[in-house]
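Have a look at these structures, which come just after this line.
One chain, chain A, links the two complexes that follow: it is found with chain B in the first and with chain C in the second.
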Partner chain A sequence: MSATLTEAKETVRTEPSPNPEPRRRRPSRRVVLLGSAALTWLLGFLFLHGTATLALPTSELTDLHRTLNHFNSWVASNRTDNPVFLYLLSPLRTGVDAVANAFTTIFAASTTGLRLPEIGWLGTVALLGWIAWAVGNARVALLTVAVFVFFGLQGLFVEAAYTFALVLTAVLLSLCVGIPLGVLAGVSSRFQKAVTPVLDFMQILPSFVYLAPLALVFLIGPASAVIATVIYAAPPIIRLTAHGIRGIPENTREASDSLGTTGLQRLFTLQIPMAKRTIVMGINQGTMAALSMVTIAALIAAPGLGQVVVRALQSLDVGTAVNAGLSIVLMAIVLDRVTTAASERAKPKTQRRQSKLPRRLRTILLAAGFAIVLVLIQLSRTVLWAAQFPQEVNFGPDIVNGVAGASDWLQTHLSLLTETFREGMTVSLLNPFQTVLTDTPFFIIFAVLALAAYAFGGWKLTALVLGCLAAIVYLGLWGDAMATLASTLVATVIVMLLGVVFGVAMGRSKRLDNFLRPILDAGQTLPSFVYLVPFLGLFGATRFTAIVAGVIYAAPAAIKIMADGITGVSPTVVEAAVSSGSTPWQVITKVQLPMARKSLGLAANQGLIYVLAMVVVGALVGAGGLGYDVVGGFVQSSLFGKGLAAGLAIVFLGILLDRITQAAAFAAPARSHRTAKPTPNSVPTTKEA
Partner chain B sequence: MNSSDISVRNLWKVFGPGGAKIPTNPELASLSSSELLARTGCVAAVRDMNFDVAKGEVFVIMGLSGSGKSTLIRCLTRLIEPTSGRVTVGNKNILEANAAELRELRRRKMSMVFQHFGLLPHRTVLDNVAYGLQIRGASKSERYARSREVIELVGLKGYEQHFPEQLSGGMQQRVGLGRALAGDPDTILFDEPFSALDPLIRRDMQAEVIRLHKDMGKTMVFVTHDLSEALKLGDRILIMRHGEAVQCGTGDELVGSPANDYIADFVSEVPRSDVLTLKWIAEAVAPGTPSDAPVLSSSTIIRDAIHTVMHSSSPVLVEEAGAITGQIDRDSILSVLRGVRAAA
Partner chain C sequence: MRKTSVIRRVVPALAGAAATALLLAGCGGSSLNQTAAADGSKASCGTVNVALNAWVGYTANAAVYSYVAKDKLGCTVVQKDLNEQIAWQGFGSGEVDVIIENWGHADLAKQYITDQAVAVDAGPTGNKGRIGWYVPPWLAKAHPDILDSKNLNKYASLLKTSESGGKGQLLDGDPAFVTNDEALVKNLNLDYKVVYSGSEASLIQSFRAAEKNKTPLLGYFYEPQWFLSEVPLAKVNLPKWTKGCDADAEKIACDYPDYTLNKIISKKFADSGSPAAKLAKAFSWTNADQDSVATDIQNGMKPEAAAKKWVDAHPEQVAAWLK
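Presenting the complex of A and B:
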């Protein structure tokens, strides 16, 4: 670090000398490596295209896939007497199933008689509204009541209640797992070191790939769905809990130690109270992750709104998909608002906006409210109209028909626009790029990626990348992986363009930032495959739909990272650049973007991960590639092995993309020191001159 | 030995890998800090420190940043674990104390006031002051009663239900002071408590500490990088540099007879007439001095003697323990005021 700094200083000093050699040498090696990678690819494609592509037709299997199929049937036949299942996995499944069942019976539907839940819709709405009020405030309580009544009006109350019950189960279990682990990671550096790579790894996996292995072990149904969701939702809770505890200022900790606190006293009087707000933010993120996963878990037969959307997507029924998708969006908004309001309440009293109600009055009102809730719950257990949402006020079919009509109209009348756009993009950009990837011999791609990896991360990264690529070949899905990679890269390029344009604009204009940021935040809370629905209505069932959805899904993250990067550039440097007469364009290209280069890398990294997740889920609306194999594995048992292999291939693809972009992002500062560091130094020089 | 409250012997704190063997290795122990860093990669923040703090004394540890003074004060209650040596508090070497004994020491014997206050932002002023009592298991009514007394003592009455961030820096430090006082410890350690405050508030707080010391007579160990603060508060001052003690003595000893050029340079800006006593400038009694000339004690600060000397027609006699030890005249006073170095 200090070496690069001194070097950078030296380059400044040697700048006037006619010998610029030390400045050029190191970047040029990277450029040479990347250039030779591009050249290898070009030559390989030109002379060898169509050979050694390792393509595997959709219905064909490799030996590995058949072995996995056998493994599947072996698990099925040995489930009852294998000790691992008998004493570990099956009890776990039974336990989770019991908890999930308890909550679904309370809120959604019982398995007996009229299939009425323990608490009918009226009681549920009242109870949830009251909880929202108790943990948050009256505004979010009203929102909760309104949204849940709206679910009823959509004709989706039972489905929404299922989804809610599963989210609740999963979040509660995630908290049981996540908070103790998070506290441990916050207190013990050794545990933190051990657990961080695991959490990082879990974060780059698309939610989709958890499902198949879990369904294999825990069968399909709510139990697997909840377990998958816990695995997906616990990491943010662990991470933020640990972060909250570690974020406590050293001097506060020391002051508490100087008074003679024991470890436990420190934990309960200092660390947990001070980390409370961050922990609640972790609960917020975990809840949003849980909703996302619970809806996707429809693929392994989790009941609820997700199932309505999946079925509608599979039959291309845009109306129903939009209706249910809308419910999911509203559910996401409610969960997000309520948990955010809860974290607001967890703020220290001085930072909180003073509430109008005095504390004691609020307690009394809450108690009175709870009495009313109990009455309504009792009512909903005894009277049918309060138990089952009245069918007379079901506007669901109207919404479905309206949307279907609108979608038809759009597709017929705007077809010139949407189809031209779609075809134009597909033919001019997507197809050629995909051909370049799928038709190039696999060993050329190996060489190209190895060179790129070596340029950014040296031998270690090269070995990792080659390992991932070899694994994909071994899994027998090279062709599909390249198709997925093509879609992912095209979408990521578009995401990066959006990220740079909007990020720079937001970084330079506080007003635009204030305006866009809430929208981007909202966009990030929505479950991934809700994004497929509107674009299915516009573009029909194609790969292109998945790519557009992926772009929209990934753009908020990339834009926010870029905006933060640009905002993070020291204002003094920008001021210095402006005062020496730079045009805005020069400030952007010569100062802000080079200095935010690390953010550029991080935005690309996050963009790729998000896009990959969506491109894979996009298999539901006609995107091919690995996602299609995974979905096929769920649907047809003969394709199970291939689906599982495709899931693994996605994992390897994800690791590969993540590692290369991370390396590129963190390799950048070495260069940005060289290019950007002289800027603040050279500006005063020009002033003097 | 009842006068010595804290006694520090051969105390070392070495940061870095393998630091434990440096104090015992005479060759390494004699290296300068830059040589040590180059040879072993270790930093000796406190090296071979020896001093005693008497009961009821205000003992100031002074040095520039990086001199190891904050490390040293933390070693006294093992907030930083010393590498070797002895720290004796009330006949007990605390370096040998186990975790429970150490907690007991921190809870009852020694409290600390920090530079950045270290208040708990989620607790009110009252709960912050009561924190130490809560930790040691005092009942709610007991700890609140005691905390209210202390809050009044540090001048924060009426602010009990405020949260730290609603208070100014000076008031926050009063809370920190109150927290340290609440447990009624024998010794209070101050780690640059006022350097984060602006000058006027700092002066108030220094006056507050002097007042509290007068009222309660607690032993205080006070770390600062501000020489005027050290001279104002300290009965004795220890000056540190590169982890070593350079000189230890009263304020006028440091100014009057600096041990080396470093100290001399350090104290050169100090207005000598404010610190030195007549002892430092007294000359032998001249034959012509009348025996009925005014007499001043040798421990009188020079500044306080100006009036008497200027209004006396003859030189002024200086006495120590009842005996006349010398005389001073206008010239000797003026030469000090002019900044000429008195022959010490």
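Presenting the complex of A and C:
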């Protein structure tokens, strides 16, 4: 992995990979190992390229894939009489379906009569605004009301309400699952140890990969969508709950113990209340993850905004896709802001900014507000204009046509430019890179990665890496995995370039930081899906589109980590360098970047994981490799087994990249405490600080 | 202290929720929905879930079927965007009642119609389907021998792109579409790579651009298809289809069969006696009919409006469906 970065450095002139530091101190064993890894690769590629590449054509299957295909038909034929289905899975599906149905009936559409929801648009807007006010503050309440009215103006109120109802269902169920597990992981180290790898696994798995097996077991429909979303949204909740409980100072706990509290008393009177704010932050992250998943679950018949985007992607209707994409973005912003405001409110009173309203007055106002909400709800149940958003005030078509016009104009007038750019990048960067990976014999890559792993993490890491690689070979998808790796690495290199450039700029200028950070925060909350839309319009359906989308998706995380790293460099050191006559360039390259080395590694780590998730989703618009196998397995029953195998291969690839970059990031200094790994779409903890 | 503050906030919220529940229960009788539901004289049809696959021909069928069901029978029609094979899974879960244009899928028919008995064949749509490899007309004129698959290797270098890894490019559509192309390329020893464009729309865009800019292109395409009247693509001849030559998906080396497109409806829906189920069985029209509706949709008409236009122009045919 790091050998690749080193190689890339020669051609692309990217930032230094995390290993130049030791070179200066001592030309250590690590450098020798990495050098020999690069050399092995070079020689292997030069003399053996094209042999033992283990490429498997897209339509061909291995015996393993066929066996997995049988699983498909086995499930189909055993659904009605196998006890696991009869007593566990089918009731689970029915239960979840009932909950999801209840919420969609309340907010989106009932199944009877005029298909009006139980609460019409006016009531929904009022109720949600009131809830935002109650858990957060008046500002987020206003935002909520404005955004939901805007959905109506876009002509997408019903779709947005479906999406909201499913997110709500999924988040509630995630809390039911996540908080008890999180508390358990917080109080029991053994449980924590057992559950962490599972959570890692669940978070590295791109959301897309969940859908096929879940749809197989739970059939398509809202129930499967909600179950997939719960699996995806629960890990951050579990992690942060555990983190919050563990974060309580030891002496506070001892003080409580000395009063003779029992375990349960301690949990409910001390640990959970004190961890409340962290738990609410977990809810925030879980909610964002849920929104991201619910939109993608459109592929298994989850109703809502995702369906509009999927349909628009398929008909290359950029206008409609942007209109619906905008709704998703706004929904993300509302959910993020409201849950963030809630976590602010959950802070202990002493740390909180005092609100202007006295508590008693606020309660009275809330009660009065609720009375108004009730009136509006009743109105929205009995009067048509309050139940169904008036069609007359609908500027959705204007947005659609405007964007479509702009996109057509771009495509006709810039097609030469975008096409040249795309072709240039594909031919000069992506294809050679992919060839280097796919045409090198697999055992050479094994050796190269093993050497790199040993250099960073010793035997343990080497064993893990070799295990992952062997698993990918066993799954029969080596060639595709290498193609995916190539796209991922190309995108990550670009992400890191952006990360360093913007991160340094932000780290050095407080004003730029203040300006960019909210944009980056917003960028991180968007579901991955949305990023495909604009680039599909510009670059058409190719691998390149997926890479560009991946870069944009991953860049905010990398930039923020870098900016924090640069800001974290001790100002006295920088001052010393400046006073000794260093130019700004020297300060950046000799002081700030080397001292922020750990952030570089961390940014590369997060960048890789984000990009990997996107490259897989990018298969929807023409990206190949493992992502295509997953999509193919999802939509063609003859490829089901291969898709399942590809999903697993993505996990192994993700674990491998994650562990090597982590080891590289923490290799030189003592391995420091690793905080909860943010999911894609997570809102980083630095934001609330 | 902290505990009381929690209570203070939770209590009104709970009270509010309870009040809402009471309100919903208490005043429910007068809601618009229930008034409408009570007025059930014409709503005997209930709800029909129609799967919506991602090609315009299918959209045309679905639009006309939905329009007739809604307008003439008073049904509530719910359209769901689903991939063609995924949609079959919906028969079991009740998510899908009707697939209004099905291309073969013998394996799925066996699984869902024969084995699980959750779906039934509702007869042909009247459309004849054809799948194959096509080139833009200018290319067929410039190199007439490209239309024989035996000569394709000669043109591999001409059809090379940055996506096809040094081989000729065969452009496919949505990965969900019925395709044997990967197997064909391999078993006919063609020096080509299948590249997926992702959708019908991008296939059409590519063919249109290829004809306009006179760039070479070989791609997967199918009839009935409105686009063929805009750009009459030329079909490449693959080795002739014979019965059973496509039995083993991995060893296929022959052309696609001619498809008799049909409709599949769920068993429950078929047995429900709903007039919409009867309509689904009776629905039948020609390729020309479908192309005319599809062309209207493609030219920017809403599917519903295009369907209305066709239905208004063909009153007897629609009346025959409803008999």
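Structure notes:
Convention: the second predicted complex is superposed on the first by the 621 of 689 C-alpha atoms of A that agree within 3 Å, B and C clash if a C-alpha of one lies under 4 Å from a C-alpha of the other, contacts with A are read in each partner's own complex, and residues count from 1 in each chain.
As a convention for this text, a contact is a pair of C-beta atoms (placed from the backbone, for glycine too) under 8 Å apart; a residue touches a chain by one contact, two chains touch by 3 or more.
Everything quoted here is computed from the prediction, not taken from an experiment.
Because the two structures share chain A, they can be overlaid on it, and in that overlay chain B and chain C fit beside each other without clashing. Legend: residue contacts after superposition of the two complexes on their common chain; A:543 is shown touching chain C, with no touch to chain B. In the superposed model, A:265 lies in contact with chain B only, and not with chain C. In the superposition on chain A, A:635 contacts chain C only, with no contact to chain B. Residue contacts after overlaying the shared chain place A:273 against chain B and chain C alike.
Taking chain B and chain C in turn and counting the residues of chain A each one touches, the greater count comes from C. In the superposition on chain A, A:252 makes contact with chain B only, not with chain C. Smallest inter-chain Cα distance, chain B versus chain C, after superposition on the shared chain: 5 Å. Shared interface residues of chain A (contacting chain B in one complex, chain C in the other): 273, 348-349. By the touch criterion given at the top, residues 77, 79, 102-107, 111-112, 114-122, 131-132, 134-136, 163, 165-166, 176, 179, 183, 189 of chain B touch chain A in their complex.
Remark: chain A residues 57-61, 73, 76-77, 79, 110-116, 118, 127, 130, 134, 215, 219-221, 223, 273, 298-301, 303, 307, 310-311, 313-317, 348-349, 359, 363, 366-367, 370, 373-374, 377-378, 381-384, 387, 423, 426-427, 431, 540-543, 619-622, 624, 628, 631-632, 634-638 touch chain C in the complex. The residues of chain A lying in touch with chain B in their complex are 249, 251-262, 265, 269-270, 273-274, 276, 348-351. Note for the complex: chain C touches chain A at residues 1-3, 5-6, 8-9, 12-13, 16, 19-20, 23-24, 27, 30-37, 43, 47, 52, 54, 76, 80-86, 89-90, 92-96, 107-108, 111, 115-116, 162-163, 165, 174-176, 180-183, 186, 194-202, 205, 249-250.
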